[in-house]
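Below is one structure, written out as structure tokens; comments come after it.
Lettered A, B, C and D in written order, each chain numbered from 1.
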Amino acid sequence: MANKLYPDAKAALEGLLFDGMTIMSGGFGLCGIPEKLIAALRDAGVKGLTVISNNAGVDGFGLGQLLETRQIAKMISSYVGENKEFERQYLAGELQLEFNPQGTLAERIRAGGAGIPGFYTKTGVGTLVAEGKEHKDFATASGTETYILETGLIADVSIVKAWKADPYGNLIFRKTSRNFNPMMATAGKVTVVEVEELVPAGTFDPDHIHTPGVFVQRLFVGRDYEKRIEQRTVRQREPA
Amino acid sequence: MWTRDQQAARAAKELQDGFYVNLGIGMPTLVANFIPEGVDVTLQSENGMLGMGPFPFAGEEDPDLINAGKQTITELDRTSYFSSADSFAMIRGGHIDLSILGAMEVADNGDIANWMIPGKMVKGMGGAMDLVAGVKKIIVLMEHNAKDGSAKFKTACTLPLTGKGVVDMVISELAVLARPAKGAPFRLIELAPGIDLDMLKARTEGHFEA
Amino acid sequence: MANKLYPDAKAALEGLLFDGMTIMSGGFGLCGIPEKLIAALRDAGVKGLTVISNNAGVDGFGLGQLLETRQIAKMISSYVGENKEFERQYLAGELQLEFNPQGTLAERIRAGGAGIPGFYTKTGVGTLVAEGKEHKDFATASGTETYILETGLIADVSIVKAWKADPYGNLIFRKTSRNFNPMMATAGKVTVVEVEELVPAGTFDPDHIHTPGVFVQRLFVGRDYEKRIEQRTVRQREPA
Amino acid sequence: MWTRDQQAARAAKELQDGFYVNLGIGMPTLVANFIPEGVDVTLQSENGMLGMGPFPFAGEEDPDLINAGKQTITELDRTSYFSSADSFAMIRGGHIDLSILGAMEVADNGDIANWMIPGKMVKGMGGAMDLVAGVKKIIVLMEHNAKDGSAKFKTACTLPLTGKGVVDMVISELAVLARPAKGAPFRLIELAPGIDLDMLKARTEGHFEA
């Protein structure tokens, strides 16, 4: 078997990075982000990055770390609300920003990984998002409707966080930390994955695997996950 | 006039047994507190979950289990998880019955603006454009007037749109306005206690049938 | 909870059928086909059907039963090789046939269920499949390439076979009997599902569910599955 | 001249360690019997399986576990299952390294015809058009000549195409013809024992560099 296992994030990114490259980074908010790989990108110092990620982290954590070091030239995201350094760089014209509706972003990544260069969607028709895009009418059950063309996205490297992996690179995600990770795993020319646990081959029920190993080129086990919570909401126990 | 809770409770009356529902951030999340007896709804969270449960008890928060507002939540016996692509395929494909959202402006042709104010820092549209384009029925829960007193239900939106012609119902603290189909005009369905038609008209810019 | 459970195939199809309707039918070959629902369609006698299914069954089993009774007016399939009655009707001009490449068929169904009215693919460019379809060039990593537009498919009713379900309609498929079933579950205006086993609510790990209950309107447990094998291939045990 | 097994063994030499491979129905399935020592390949079956194992022992056949040729098979410790849409997303997205297919005709521009003969009953293209369009490298395993003696490697296909300009290598019982990139001309790579260039040329219609 071709070895996919690497000792750590730094080793797993060795030889893949170059200035001006495009990186997809999994996660929704701070949930399911590739903590270790983001930190390793910061340490590697690679610059001029285009980063495709639903959000941009928070000040000092997640992708916020790459904003502090000015390694990101452009973000393609759906929502970037939680980051003051982001706001400062954007308002100062230091950072390019392309907003995509969240579902369009998810589908563009899925399309990129699936060899689909373009698809039509109703999302954003009649809004700023539709400007400059091809419009096309399709017949539907409720009459003719107008759709816009959106294109597939791929990345030079995708960085992905999964829960568990086996040595073949088969991946399983946990609860809502799945989010953008499975599609990004399919849309990287090279996909590098960090997991909390490596299990022996044959451990997974083949019906439970979320991402087949064909999509994973490099893999390592991360230690001491921080997994920060953005909005800690709780309810009160009923008095006994 | 309705309080915020009463407004949410009014919106909850639109829930039907068996509905799959997506609730936006802010006032719409309150609707979950007023689901009528005997009505079973399943809440979708667009970050990849169907069957959203309540907030966890203190100490039981799971960082891998959040909703689209990034709040810690819990799962139920019906819960399933899936990717963001599968989640928005569910939304875009018309499989969600109802979405209840906030708005800055709604026009009497059903246009909605709720994601950006030119000149201010724009945080992004998140999933709002996908929801208004894909979900079968769109209810807007909003204050009837902006802080400067201007009407939020207008003849035309002045802010950049989130969706065109997509809103089916508006519930404010003053009234319920709704239309039977996209493209039809809005009608007054219900007035809040203490509000009469003249009061409503005085505080409304957009056209509706009384 | 809105009740999705029905006693049997006949009850689960009650009120949904009309002549000339479009039906999607899951399965690959005879693997993972909705045996009970196909038999119930035959018994219901509904006519002039357009059936979207990767294959057309065999003589006397699966969709072959609906061919014998002349209930099918048109098939949309990728491969129909195993059925003499099919061949006879087709050559006699009694049956319309639209061939789709298998991956294009799968993606058209996925698109239909996902609200995507059209997408571009390289599959079939320069072949009979591309005739009359819109062509469009997209820039790719290896230069400009030509793609063709394919449209989304939906059905009046999708009939689906799963392994297990819970009362909410959450589904789990088994091994390669998954095939076309999950996409078809998303692309029916009404989706009717037969399963081998109904489990109590909360039995499934929510990370293992293949089809969330939102896609399933009606559900019943089938008994005595025949599960015919088309090509029984075996190997010899090494002599002890 | 190579036997069918030798032809399959020659094709197996093109397998590289770590490759993900899709084998077509017929002679290509023989390739699995000749995977070289120390080369680990994972077989994809387009009906929704990665990591295909050998045929089952008699009595252990599982009707829920078949390959794209509808044959009963087994799983391995690496196996995963997925839907047909996900399977062809994998194929169309260029994630499969190699596909080995049969053909009725191949042209010297890389065109391939292997799905229909006009006037005869057409069974359908199955997944062949998706495979030739999506997989990184396409090898055709075929007999050098048709039953009537005509060359199958031609200046132009006469039958309806499965794909345009997609073939990278042809392995017949006489020779291996290949090209370094789509668009480049084919070259003679190897002759089977007892075959010389003149014999090959006499039985070939399409152009290749010697």
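As a convention for this text, contacts are C-beta pairs under 8 Å (C-beta built on N, C-alpha and C of every residue); 3 or more make two chains touch, one makes a residue touch a chain.
Just so we're clear, the structure is a prediction, and the values are computed from it rather than from any experiment.
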Steps needed, at minimum, to go from chain B to chain D via contacts: 2
Label of the chain whose CA centroid is most distant from the centroid of chain B: D
Pair with more cross-chain C-beta pairs in contact, given B-C and C-D: C-D
Averaged-CA centre spacing for the pair chain C and chain B, given as whole angstrom: 35
Chain A and chain B: spacing of chain centres that average the CA atoms, whole Å: 27
Distance between chain centroids, defined by C-alpha means - chain A, chain C (Å): 32
Junction residues of chain A - those touching two or more other chains: 107, 110, 114-116, 121-122, 173-175, 178, 206-207, 210
Chain D residues counted as touching two or more neighbouring chains: 75, 81-82, 88-89, 91-92, 134
Chains touching one another, given as label pairs in label order: A-B, A-C, A-D, B-C, C-D
Residues of chain C touching chain B in the complex: 1-2, 110, 112-116, 166, 168, 170, 186, 201-202, 204, 206-207, 209, 212-215
Complex interface listing, chain C residues touching chain D: 28-32, 54, 77-81, 87, 90-91, 99, 101-104, 106-107, 109-110, 121-129, 163, 173-183, 210, 227-237
Chain A contact footprint on chain C (complex, rising order): 107, 111, 114-122, 136, 138, 140-141, 145, 147, 151, 154, 172-175, 178, 189, 205-208, 210
Contact set on chain D toward chain A in their complex: 17-18, 20, 40, 42, 44, 50-51, 75, 77-82, 88-96, 134
Interface residues, chain B side, partner chain A - complex: 45-49, 54-58, 60-73, 75, 81-85, 87-89, 91-92, 111, 121-130, 133-134, 160-165
